[in-house]
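The two complexes that follow have subunit A in common; it is paired with subunit B in the first and with subunit C in the second.
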Partner chain A sequence: MESPELIKNLQARVKELENELKCLKSSNSAAKPAAERRGKIAEMSSEVVDSNPYSRLMALKRMGIVDNYERIRDFTVAIVGIGGVGSVTAEMLTRCGIGKLILFDYDKVELANMNRLFFQPHQAGMSKVDAAVNTLQDINPDVCIEAHNYNITTMANFDHFKNCLKNGNLKTDGQVDLVLCCVDNFEARMTVNIVCNEICQTWFESGVSENAVSGHIQLVKPGETACFACAPPLVVATQIDEKTLKREGVCAASLPTTMGIVAGFLVQSALKYLLGFGKVSAYLGYNALEDFFPTMALQPNPQCDDRYCLEQQASYQKRLSEMPPEPVKEAKEEEQITHEENDWDIQLVADDAASEETAEVTPTLAPGLRQAYTLPAERTVCAGAEESVETTEQSLDELMAQMKGL
Partner chain B sequence: MVDASTKKALAQITLLKTKAGPRDGELWVQRLKEEYQSLIKYVQNNKEADNDWFRLESNKDGTRWFGKCWYIHDLLKYEFDVEFDIPVLYPTTAPEIAIPELDGKTAKMYRGGKICLTDHFKPLWARNVPRFGIAHAMALGLGPWLAVEIPDLISRGIVTHKEKDSGGDASK
Partner chain C sequence: MESPELIKNLQARVKELENELKCLKSSNSAAKPAAERRGKIAEMSSEVVDSNPYSRLMALKRMGIVDNYERIRDFTVAIVGIGGVGSVTAEMLTRCGIGKLILFDYDKVELANMNRLFFQPHQAGMSKVDAAVNTLQDINPDVCIEAHNYNITTMANFDHFKNCLKNGNLKTDGQVDLVLCCVDNFEARMTVNIVCNEICQTWFESGVSENAVSGHIQLVKPGETACFACAPPLVVATQIDEKTLKREGVCAASLPTTMGIVAGFLVQSALKYLLGFGKVSAYLGYNALEDFFPTMALQPNPQCDDRYCLEQQASYQKRLSEMPPEPVKEAKEEEQITHEENDWDIQLVADDAASEETAEVTPTLAPGLRQAYTLPAERTVCAGAEESVETTEQSLDELMAQMKGL
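Coming up: the complex of A and B.
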């Protein structure tokens, strides 16, 4: 009897609270930081004064590390996943004065995230991308930031995501310069992988293990280095017997340290790649328990499951063959796995232990690395099931109705 | 990795042939038909074996699935809404099955109530692309998860039996 009245009252109360929230929000996030936020800086200066946020970065030029640091402003980087690794990655690039960032995440900030860096308790409940944009623009208003709050793995968002990478470049309106994948699941990694294979986009994969004590980054140049679908993901061995790993009651652990280290590796490699200094490893692993950092080169798999990867492999080989003189040397390198650096005398050994079914698909891995799982040489079914579905005369609608009627 | 009970469950589910995802037009329709055939057969088998434990249906495109699953514990029936999207890269990547009402109640779950499948299911799926389908995801992913998690949730008092639901149409 009272319910219409009650609903009315509740609606009024909701309105009231909404207005209150609006006031609070505008006084907190918009008005205040806008007043405190520094103005935009038109050109990066090397001048060493307290008020120049770029003086220490521009000093890299004087030190002879980077030729032309201010080029950083020309680059657009997309970061997929603004969690423990992605948020720190975004902050580092923002502080470095990157030209443009495009952020993707569909998650909200939770108090359970507070063991990681970047996000703060008062941001709990906000979308990760919104919270990140606020903080990042306060840190450096010169960076152009675009944010998308959605799940890239669903059909509804996939095309939009792809277009963002394809047309998001600050300078050219073409492809972004680099994609950094900081997601925490296989589905999203594969989605980034397939888009990048389709549009030939260079990207870095990053990851932290679920037990929080190892991590990795991997450079993927479609056609040139292994893509994420070329082989099962690599895992840095932690010398923990998987069987003794206690999984009771938890899915994942995380440490701010490991995530910060991996984000550091990721951004360091991104800067080296973009600004063209130092060497960029195709794979860099991190084992926190042993203080072990394996690196290795990863060749693309000629039998890769993704047809766009195969197309990119063919076009890379074509580009190589069309390149005069020097490429001959490069082509030779192609035939064997080479390490860009090998300061610790890491040697490759044949994986004799590989079982029969995996022999054909297990590449030789640097010691201390293993694959997350093995694939049968020919994808045969591993257990009892023999029967396949038969072709049916029934239409999809009929089948749907039949299912509903069960 | 594959134990006897899994093998038995597997043997009952027909395999799929068409490797196609929601971006593949007509081929996806073909795949979707196979998914439905396999699911119908699986549910029928379950009913015959007196082990009926879920119902599913999809939207028209077959990209979003929803339904109910239930678990019998101490002769009481516990029923849950289940839902998932077909990922763009299906069947290369498996669907992420979710029970939203249990979100936040167990650590073996990711945000939005997605059940944790990393250990017991994902490697198995990866080895069997494209022959595994939604019926396999239910049997090898959700089934074992319910069997481990629900009794635990009940014993901790987090999930309680709802009188009203016990005679629902799910048991018909």
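Coming up: the complex of A and C.
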């Protein structure tokens, strides 16, 4: 063999072996993660080179979408539930270079989870949070990740969970910037709701139906938009959590598509909310069978069962009444997070809304949707109830009577 | 460095790497990817146990969504372009247990790709197809994966590419069941279009805008719906591919959210098309800033520049005219793939459509959209042109004149 050809072959062989070695080492990343990881990057750069993991994100500035993408590093987001939606949510935020993530889950990875994105078969048996931290830190070592392997709904963990949200902020040591709820059961959603109402924490609820072909996300700003307890969970209450179902030999269906799309909506909305671009929908639904995407406004219920929700409503109304005559422009200048305050389609009503305001109170429902019930206070449909909105055959009066009986 | 010395050094390096590899393989059982992989599963089971990777998918049957989920194993899908959309598309189909995937790409993984899902930093430098095959086979060894590391747009590869689509089917050795186009440039889209028109191959086009905040998918059934050449690419033609941009020190923006959502729509539509459930939209757009999702019908252009498109249109019209008077029911019984034929909102027009049919010809446009131009043949907007549809300020007449001038 001629020298040049031999050299070429040898070089190719070296590359091949290096790749194989790299693969082998990474497949065992649980054992030796740190050595493989790239060094931390001190400052996000816009430089267009193959080695810059942030060039395509920083390009959002040149494209006129985001004013200051680097601010992403200042934000702390808590994700509750690291399953089919939560894990992909965590991965997307990690790849976007979020400042800090706080993860909560108490489940283990199983082969039965492999029909959704993120977890890999070799992680079966590991706790979901440990497996997630390993993978996420490999993907982006710049992100600060804190993980808690416990059930937030037990008395023992409730206070710890609350303190994490209250004091977990990377920059301020105060409240986190946003909570994303990606759990699969009613109790955990109620726990997130209670804590967020108490500490006035903005959060997004998310959910995927048991038949795997619909889902939704919902923005909850305590006192300002409907909380999870504001509307009686006509549908949600009948859902049984996955563990109970499994014991009976049945399980909910799930698809990587629907869960990936819901996670995509959730993180897209979180980015829009945090970085101040575009319109953040108060509710965005997804019906996969029809390619139908309902959006709607959700107002808080003055008769909500959660006393903290009522307190936040009063406090919000107070803030609103103290605002100068043209709150839209003034608010924009005062708010730390720009755009978010007025770009949503949410219509606000004072508790003692005068009759001339009533016309504006009706929430904007997408075509094909109608309200499941009405109340004097103009409350709207409940979180996770998109199915009932679309499929209920009960009249408004029947639903209202049913709800009053609860 | 002199050749002999270089050769010596390279040989030493090969030996060193081989040894390291050997050590790693023998000393650490966890570091054997192939050995780590679960055994192949002969038949998909509905059993609800933690070790069954298909339980949540087979539950789609119990939920009444899919009649026969196991059929997924009979299908072969080709994915062209394994970037931000294509890689997630491949992962979703792999986790769904698709029979066979054929992957095409000629790019390498870079750290600059880490702002999108799927690839990991340790894969930087590997070819995208090799990296993808490694990860996908770890996730699901039941899927048969074939990968081609070349540029489909060169003369040298064109025939090979065509033959792969023509003879790649896992079950029949004939045509693949579906092609998903996930490329980032005009030439590659045109290549997919030309081949699919020639062999009458159904495919989905997909795309994400340069500013990262909108995207779309489009179904192309040669002769039956608009092909990529049916409408002049008023917008697409101005797009420059990523390599050219990079040389100039700029790059397109991208987000894991938008790309994950477009991949989700693409695979959801592919599942609906292959397994026969729900409605498959001819076009589904996504505008992230407004949470707006336009759908529309797309009809072929009788003056299309692609001669194979014209042949397929004639052939489709012939098939249509030979159908019995009530083609809707008859077609359903004859078609291998049920539901797909009549659940779309596509309205078909004979070439010589009589005046009484004209009223039905107008494509259904979502609110806020209008046709960019009209022609006697009622062609509709072009693939990838959702931006122009939403933002164009030209009148229909101006656009028509402009198009006629092309």
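FYI, the second predicted complex is superposed on the first by the 276 of 406 C-alpha atoms of A that agree within 3 Å, B and C clash if a C-alpha of one lies under 4 Å from a C-alpha of the other, contacts with A are read in each partner's own complex, and residues count from 1 in each chain.
Just so we're on the same page, contacts are C-beta pairs under 8 Å (C-beta built on N, C-alpha and C of every residue); 3 or more make two chains touch, one makes a residue touch a chain.
Remember, it's a predicted structure, so these values are computed and weren't measured experimentally.
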| item | value |
| --- | --- |
| Which of subunit B and subunit C A:Thr172 touches, first, second, both or neither | neither |
| Which of subunit B and subunit C A:Asn68 touches, first, second, both or neither | neither |
| Which partner reaches more residues of subunit A (counting touched residues only), subunit B or subunit C | C |
| First (subunit B), second (subunit C), both or neither touched by A:Gln303 | neither |
| Contacts of A:Ala59 with subunit B and subunit C, given as first, second, both or neither | second |
| Partner chain(s) touched by A:Ser321 [first = subunit B, second = subunit C, both, neither] | neither |
| Subunit B versus subunit C as contact partner of A:Thr191, first or second or both or neither | first |
| Partner chain in contact with A:Glu210 - subunit B first, subunit C second, else both or neither | both |
| Subunit B versus subunit C as contact partner of A:Arg37, first or second or both or neither | second |
| Contact residues of subunit A, present in both the subunit B and the subunit C interface | 210, 249-251 |
| Complex interface listing, subunit A residues touching subunit B | 107, 153-155, 158, 185-187, 190-191, 194, 210, 229, 232, 247, 249-251, 305, 372-373, 375-376, 379, 381-390, 392, 394, 396, 399-400, 402-404, 406 |
| Contact set on subunit C toward subunit A in their complex | 3-4, 6-7, 10-11, 13-14, 17-18, 20-21, 24-25, 28, 30-33, 36-38, 48-57, 59-60, 62-65, 88, 91-92, 95-97, 110-112, 114-117, 120-123, 125-126, 130, 134, 138-140, 210-213, 245-246, 249-258, 260-261, 263-265, 267-268, 271-272, 277-279, 281, 284, 288-291, 293, 295 |
| Subunit B residues within the subunit A interface of the complex | 1-2, 6-8, 10-17, 22-23, 29, 32-34, 36-40, 43-44, 47, 55-58, 61-63, 85-89, 92-94, 96, 106-111, 116, 118-119, 122-124, 126-129, 131 |
